[in-house]
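Note that chain A is present in both complexes that follow, paired respectively with chain B and with chain C.
And then the complex of A and B:
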């Protein structure tokens, strides 16, 4: 899933450059694997909430490992202790490693102090998925929400992370928003640190 | 000469302890590792504003006992690496490069999908890599 994109075609195998560190996986291979993951979980559960939870758990495992990996690879290893620091880390570095680009936007929620949103015009995992009408508000972005939850939890910022569709007029497919709600202790610690 | 390396999780639970000498008592080494956790806790919670920053990973010399020196390293996920050595003159760069290689080996071990985070690291490859790193440390 790291740097998902199209595979380059070379006419002559001798022209292929020696592989460097950056690895790319074909998008179709990942889409296949993800669809199989969703189907497998679908046969095992009865309702939507359980299916979302399973996808989130799968994402959580990925998130915790991605955090370890990124912290090792990043030069000038600094441990994030501030809220904005970890959010911008997720928004740019994690997204870049997983999806090949930074997330579209990072916003602070207006209603509650502890809510933040990362929005994406089209989540990579949702690109080849269309939700049937009877599934209601189910969003396969729960997998990505799980990844974000894994990263935040293991960095010391416990949070509840969910994925939502936000319909935008003028666009056929709705925008996806990852809603991050931090736990009480994170806010208290942040208030203490900002003094 | 490196005597012992240890990996301690973020709730101060031991994930991996390996000693490289038969001469000393393994229990004594465990005890030293355990005591050094307190020093790390103290360093993390009371940052020295001058000099080292709050976010530095390599903690440096934690505390010297009679025979040993103990070095610490803290990752972003609050996982701590402890190194116990009997060398009298230890270069800073050597220890830093040791921890860098150790961190890479640790990331490889944790990326294993069958590894449960929070449980002990049981990968044989990890043990092998750590032995290699320790073996090549003394030669530099």
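And then the complex of A and C:
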């Protein structure tokens, strides 16, 4: 007889309740996974810039989902429309959920109006990474920069986001600074809104 | 030093550094998506995920042995129990159970009650042949190879594919004899 047999029941992700987000996995599991991500991407590129761009892409995919998830769960389906609002959302809410703490600092660039910096003394993704000399300025923080870009872009704040090492005096390891440079239109809108 | 007895997976999990599972889940999702874009063929993606898992497995076993205090398992049955009860708990914070043993005790199923890799995931029609969690089978295979067990690990049930559970079949192919004496140890 046709049609007899187990009917496969595909689950629909939207039918499930949104998890509270309190689940955890071991840091090692994440570190191993992240290291595989970096190693795989290394096989796909022939220069550092390209590698950083691919890590940023992977992060971007995470960021756009994080924005959607957190706006639903933490902010009652509201999303920030003002510059400082979205920045503090990234610096506090996003950081806290993803990395378990708020970012060490959020600063405004002194030289340019459109630049902001989020700094972290020991960024999670850089914790188990040491950069070989021949890879120069490569920074795994590109992944986190991608996350930040993903959140900002999808919230309507297009920006160029990059990760940099900044040496600190008296410390062996440099801190990581995520530099955010907003697009012109964002600043124009912001100026209009603050009138 | 007196040998340390095996610790329970729960005790280890609560004492080690942890990260939010969503970061892990979404990062894994980003990897799978990158692979799908790069390799185009679902079969190739399955292979690459398995390879990545294998790479992780051969490194992860060190941490497992160091942190769990588990010593040599007497048989494959004990090995499977360790993976399910201690291994899955200590790395992913989930519990798994072992069932469906065959008569010679060389083949069993590990059933995952919870699977942190698949939160927010729905397989689109174009990816029906994908074993989304294939990295896990690679991890088990790689880790066991480091303790001299050649295994074959396959997915037999997958909720994303419409089944009612996540089930991995682990089959012991060969126990590789170890070579004594270890020169660097004596």
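Things worth noting here:
FYI, the second predicted complex is superposed on the first by the 170 of 195 C-alpha atoms of A that agree within 3 Å, B and C clash if a C-alpha of one lies under 4 Å from a C-alpha of the other, contacts with A are read in each partner's own complex, and residues count from 1 in each chain.
Just so it is clear, a contact is a pair of C-beta atoms (placed from the backbone, for glycine too) under 8 Å apart; a residue touches a chain by one contact, two chains touch by 3 or more.
Remember, it's a predicted structure, so these values are computed and weren't measured experimentally.
Touch criterion met: A:65 reaches chain B and chain C at once. Residue contacts after overlaying the shared chain place A:195 against neither chain B nor chain C. By the document's definition of touching, of the two partners only chain B reaches A:79; chain C does not. Comparing chain B with chain C, the partner in contact with more residues of chain A is C.
Legend: residue contacts after superposition of the two complexes on their common chain; A:156 is shown touching chain B, with no touch to chain C.
In the superposed model, A:47 lies in contact with neither chain B nor chain C.
Shared contact residues on chain A (touching chain B in one structure, chain C in the other): 61, 65, 69. Those residues of chain A that touch chain C in the complex are listed here as 8-13, 19, 21, 23-30, 32-34, 36-37, 39-41, 44, 54, 57-59, 61-62, 65-66, 69, 97-100, 124.
Of all the residues in chain B, the ones that touch chain A in their complex are 10, 53-57, 74-78, 103-104, 106-107, 110-111, 113, 117. Remark: chain C residues 13, 16-24, 26-31, 33-35, 38, 48, 52, 55-56, 59-60, 63, 90-93, 116, 119-123, 135, 159-164 touch chain A in the complex. Taken in their complex, chain A has these residues touching chain B: 61, 64-65, 67-69, 71-72, 77-81, 154-156.
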